Every structure is written in C-alpha cells, then in structure tokens.
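Should a chain be cited, it is by its letter among A, B, C, D, E and F, assigned in written order, with residues numbered from 1 in that chain.
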C-alpha cells in the first residue's frame, strides 16, 4: 500500500485542491491531507480555524465518496523551517511520497530523504486561494471556485462576514 | 446530526477505549477522537507519536467498520489549562457534546458552556493504559488488552523495544 | 456593580484614550484597562514596555482622580487569535461588557458570548498613536496629543531618543 | 518616593501575605504586588487564574483601604530562571527594592543589581498556602487563615469544588 | 584578559565581518562571535542554519589562524527585545565589552549596564549581507565579497540553489 | 576528516567527561561538545548557565591543549523528543558519528539515520554529575571529581553558594 502526503493551508479548500487530490488518488492508495498552519485563524491569510478547514474538506470528501482513502490531519506551524519535516512526521502516520510543487516544501522533504513528486498545474492562476479570498472580501463570485459543499459550509459559518471584519481591523497584518 | 468529542492520550488505544467508542456511537452520529498531548512522544507516559496513535486507531476503526463515523484529530497540549478548551475548538470541527469521566476535562468544558456526559466504567482497572505500558516494559501479556490491529502495529514499529530503552534512560522523567 | 474591559496597546496613552476612558466610566462602575501585547517593547509599533505603559497610565489616572475605579492589567499576546479571549480571561478579573470599535476584537468577544459596545469617535484621526509616534520620531509636537503626566514620563525615560534609535536600526521591522 | 516589589503566587492570598504587605507599606510609599506564574490555573499548586487572584487581592486591599498605594501586576512564568528578572522588569513599573525571603528570588535580583530586603517571619508555618489548599481539599477550616473578603470570593467562584475536582483528576500532577 | 562580544547573523560571514573581527582582536584578547537568530534558516534573510554559519566562520578562522582567540556561540532569538541581553548572557561566557554599530543592540546593552564600543565602517555598503544574498540569487559575483573558505563552503552545501528555491516559494516572506 | 558529536548537560564537566572526550579524540579528528538543556540554569539539576558551562569546558580544553580539535556548542532543549535531533542539526556543524551510552539519545539518532557508537564506562558511578552536585551541596569533597580548571571556575563564580541557595528555595523542583 502506498500512502501520499499532500500539505496545504486550504484557506479555503478550492476546486484546484480537489482536482489535485483526485489526481494523487489515481497514483496512491491513501492520501494524508495535511492542514498546515493549523493554530492560526482570523487572519487575512489564515481565515479559517483548522477545525473549520477539516470540516470543509470532510464535507467535500463525503460528497465525492473519498473519505475512506483520505486522512485529514492538522499540522501546527512551529516557525522554524529546519524542524518542520519532523513536526509533520510527529503528527502524521507514515507516508511514502510527498506531492508538492512548492519549492521550499520540496527542498525540505528532499533534504530529509523523502521521495517528492510534482503536481500538474490545474489552472493554478484560476484556482488560487489568495484570489478567492479577495473575491470573498470584495463581494465577487468566489463560489464558482470552491466545491459546492465547501461553499455552503463557508456561508453557514459566516466566512464572508469574517473576512470583511478582518479587512477593517487595525490588528490584522 | 449529533457529533461527540472523545479525548484521550491513547497511549496505547486499548479495548476499553474501543468499548467506550462503540457506546458513544450508539448515542451520536459521529465522534471526534481527539488525540491529546499530540506533540509528545518517546516518554514513558507519552510513548507513541500522534501519527503512530492515529495509525493505530485507524487500523482498529477499519477492522471494525467504523471509519466513516469517526474523525481522528491530534490536539497539542498548550500547558495552560484555561486555554485548553479553546485549543480543542481551534483544531476540531464543531461538536455538540463531550463524553468524559475525567474531572478536570469535565470541569473545563462545563465552564466553557459545553454539554458533558459521563461514560460507564468498562473495567477501568482492567483496561488501563499505564498498566498496559508497564506490562509492555516487563514482558507481560499486554496484547490481551489491546485490539489486535493495534497490537500488530505496536509490534511492527518496535513499541516494546522503545519503552525498554526509555526505562533505561537518564533523560526520561 | 458593572465592570468594563477596555483593551489597547497604549503606545502611548493619549488624550483620545483618556476621553474614551472617562466616557466608559460614566456608564460603568469600574474599568479594566487591558495593556495588550504586553511582552513587546523596543519596536517601532511597540515602543514602551508594559511596565512603562502601566506607569504612564497610572500617573494620568492619579492626576485625574480615577485610580480607584480602574485596574491596569498587562495582557501578553499569544499570537493565535482563537485563544486570545481565553488569555484575556486568564489575566483579568471578571468583566461584564467590552468596549471596543476594533472589528476583530469585537468579533472575537461576540463569538465568545460577551456583550460588546461601541465607542464614540473622539477625533480618532487626531488622537492616533501611530501618528503620535511619527511626531516623536520627527521632532514634531507630539506632546499636545498626550496627557501631560504621560508626556512628562515619556521624556523622563528618554522615549524620544528610543524611537530615534529604533528608526536607525536594521533589526527593527 | 520609594516603590517596593513583593512577588508571590498568592494561591490563595492569606493573612500572612496581608501582614507582610502592611509591614512593607510602613517602609515604602508604594508596593507592586507581583502575581507570579500568572498563566497557570486549575492545577493543585496553581489553583486560581491570575484574574481571580487579582480580584481576591483587590477586595482585601479595598476593605483595608490600601488600593491607592498598591499595584497588582500579573507576571507570567517564562520557565528560564536567568530571564525571570527581565520578565518582571518588562511587566512592572520601576521599583527600588525587592522584599523577599525566597533564596532563589533573592539571588536572582541581587545578581541583577537590585537592592533586596528580608521579611520578618509572620507565623510562616501557620500561614502557608500549601497547607491552606490542603485544608480546602479536606474540608478543614481554611477560612481562618484567609482575609475574610478573599474567603468570600473563593467561595463565590467555587474554589473548594475546583480543588476537589483536581484531586480526583488523572491529568493533574 | 579582556573578552569582547561581537554579534551578528552572518548570513553569510563576509569580508567586512572578517575585517571587523581582526580590528576587535587588536583591542581585546578574545572575541565571542555570537551567531544570532540561531534557530532560523531556509528564509530569504536567514538563509543558513546556525550550524552552517558556525562551520563557515570556523573555516575562515582556521585559514587565518584565529581559532584560539575566538569562541563561536549560536544565540536563539526569543522575539522580545527586553529579554535579549539576558538570553545572550545565558548562552555566552562572561564578556567585558560589546562591539556594535547597531543602534538597538547598542541601546539594549547600555541599558543593561554594559560597556559598548563602535566599529569603524569597513566599506559597509560594499560588504553588505543583503546585497551579497541578492547577488547569489541573481547569479552575480557574490564570491568576491566573501572570504574564500566561506565561499567554498557555501558552494559545497548548495547555498546558491537554496536561495533560488526560496525565491520561488510561496511560503517565504 | 571525521567529526563526532558528544552531547551532555555537563552540570558540571567532570573527570569522566574529560576521559570520554580524550577517548573519542583518539578515534576522530574533531569533536562537537554539545551543551544540552542550554536555556536552563539556577535549578538543582541544571545548576550552571550554558555560558558558564562553555567557559568551564573551554578552560579544561585549554589546559589540556585540546581547543583546536573541539567545538563547544550550546543546544536548547525544545521539550519534544521527536524534534530533538533536528534541533541538534540546526545548531551544530555537520557530524559523522554520535558517541553516547544514553538509550534515548542513541535511539533518536539511530531512527534519524545516524551512526551511533557506545562509550567505555569510565568509572561511571564514581564520576557522576548528580553525585558531584550533592557533594557540593553537602560540603563534601566534590573537587576531586572535577578537572582542576573547572573546579577553580566553579569556586570563582560562587557555584557552591548557588546550589545551597537552591536547596533552600521553594521555587526549585
């Protein structure tokens, strides 16, 4: 059995993430979805709590019938790049391969002796979390870029109001 | 839908935990299994990493056909009791009720306004993680107290050798 | 008896803060003045230590005869918004209402079930801590915006020289 | 004007603390009451939150007419003795002398260049916080050792029930 | 015997650092080379680990015959300026004088009662770590600015590739 | 060239440590002396600061003519065993082999893929840091067990008085 690691912040989990996940599941038996920067929320770049992101992803996985082959694991950010791979290993079950295009993530796992694979670009400019959050803040059509169960969940918890409050805050960098 | 929280350190996940989990699943639709003190391992009281505990629990859930209704979430220990409920809420999806007999856990969740329910004592003296770890250290019959997929996993990763090394260490309190 | 919470960084405590405080004291019996980001100092945005800010505020309260009805409490910043209200509650005596216009502060206390009230805008552009610090750095007339006992204290501890040193430093973001 | 520092954990604030405080106030103009280990609570040795201890002390000071000359400041414990004096200085206004009998506290402040004075032993065995907490846990006459406003406050917030819960907890060292 | 402290991040250790070090060694018997922000690496501003920087400096010292009179000590950054001098004192042997031109470093050591001396400007614009890192990233002639044993070491560990990866990363501020 | 890692807390550096160091230097070209739990001091088990331990070791190395082949590096304790090897690698230059008899240290480095060698027992019961600290506290003949330059240094900084103060302290576990 092959188990892959796929890490991201998933702020929010969008259609590009889902396409990537399906593409990895064609190549591996199981995928650990590592929800990074897990301790942060209520920031412009880290909008949702880890728990909210887990719920958002889980609802999408259920509607796609993918729960059995995926583990969703929150991973705190320790703030020191040289320790990060060890933190991931502490929080996650064993994995055989890491799928990422992120150059630093790739480098840190390679330096630690892991097998690392790239991911095809599924319309990366199109499905971009920063752009989706900006659409949320500006009242644009963010919902087209997010799987429908995730979009419903975001509306349910008042995610759009949250980002608007953050934009008006002095305390948010 | 009702979702319960069931937290523990699961060092290791034993038959008493499994009985409790089944009992909760008779009362709720879903259970979050919160794996506490997630950042610790390689200590006499915190033998396994969070990742190892998640894998151990997942194998048991799969053999019991319970994966669909359970979420396994690692929760770091922040070392300040008054912040602990907030940490749990940051890392876990929404939950409606907490099942626990632990007096401090009960008190902290009640003070935070949660519904808390007790758990029947399923042979607590019998299925006790401290006692099971001692049996592992002393070469006793620890396997009888642990669901068989968890026992296999512990042997697979050399858990018994690990606890023996820890017992001979100066660095372990 | 009604006790209010009024949090800020008070870098420095200016005339707008004093007006706000008096306005709250017309509505409540006691006010907790929460001195936020308490562990930081010697930064452009966090110029004074918590101890210096407490002394600065206390001198103003004494000259106004307000010490009896105010508690000044330093509150460290834990860096995780979802834990912040719990930190405030750990460090402060019980309070009944929070006075704030800050959208994130308002949201976090509302989500935690607190009563939150807005504050009238007392010349906010005029009495703005960032602007006052810039005046200090540029040799402008910062003293007009700060209650006189606070201004004397700032001069006594060499606050103006401190900000000038920070501006010339490589180590200050 | 002379300002003294008097630090303790005040778990709880007892009659010995009050006698000491009055004795210091005969020698100094103002006293900073530093509430140590401020981030801890819900532990056998750190029963009350900093906020609760501040309220407890404030009620005693009010009934004694001492609020004007005292500042109550929570001080977090950073876990590294060589940094502790710097933390105290960060959180507290300037002070001229430290009153303590605690050998490590005395040593750390002397090494940092502070003036340190001893305190007469006001029935130390009699007024001992550990002994008072034990009386609380065992249903003994703890109230005789605690100033009456502090005792009322402890009962008001269910302090006795809290310590009993902690004693029955697995999670409390 | 006089021992000096010379702190920097040394990202990388360049010819200006070496000139400064020699100049200090003409005035003191021994120098502690404090390697600051020791826990950080794999960032654009903190490229190398503390261990890599120690090795880089040690190789230069060996080729210059200076090892006997220098101690290289990593110093973690605690993130609170008011504690920083205490951290330096915890990690370093006793020192008599601090050599620095950095205004905040100078201020913090002066406030703590240390003797602080300035350093002549050895072509500061020329030998500037930020500029050297930019040359590394852009394929420019960075090697001219770095002592030859340090340059060899940087190439040996793939330092140029590392900074290029970091520049293409989303995760690097 | 072969470089070894030899880690310990060196509270204090005793004759057994020196014998071990010489034995390792017969087998390797250079040794990194890793000074563990570097951030702690003024505790019964962590008596001296990292800086004091570095100075103590350096004086012994100088009197033995060993400075050239040794690097003394302080290593903070991060409190999570699964991250510890990564912390060591962050703070230390590259090393090829680890010399240790400590079972947990051995296990953690082996799990991380390092070569680990055992050390002959040089009168371990005899040269034991805990026993030496007890002799210091009780006025016994601790000096026989410590290389003479280390013993002089300990007396110079008042190490014996420090441990006696700690023994009389409430704040020391």
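Quick note on the criterion: a contact is a pair of C-beta atoms (placed from the backbone, for glycine too) under 8 Å apart; a residue touches a chain by one contact, two chains touch by 3 or more.
Since this is a predicted model, take the numbers as computed values, not measurements.
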| item | value |
| --- | --- |
| Joint neighbours of chain B and chain A, given as chain labels | C, F |
| Chain pair equivalent in interface to C-E, over half of contacts matched, among A-B, A-C or B-C | A-C |
| Chain pair with the higher count of C-beta pairs in contact (D-E, B-F) | B-F |
| Averaged-CA centre spacing for the pair chain F and chain C, given as whole angstrom | 46 |
| Whole-Å separation of chain centres (CA-atom averages), chain E against chain F | 26 |
| Residues of chain F touching at least two other chains | 39, 41, 49, 80, 82, 89-90 |
| Those chain pairs that satisfy the touch definition | A-B, A-C, A-E, A-F, B-C, B-D, B-F, C-D, C-E, D-E, D-F, E-F |
| Residues of chain C that touch chain D when the two form their complex | 38-39, 41, 49-52, 54-55, 58, 67-68, 71-74, 76, 89-94 |
| Chain A-facing residues of chain E, complex | 39-43, 49, 162, 165-166, 168-172 |
| Chain A-touching residues of chain F, taken from the complex the two chains share | 78, 80, 82-83, 85-87, 89-90, 113 |
| Of all residues in chain C, those that touch chain A in their complex | 80-82, 102-108 |
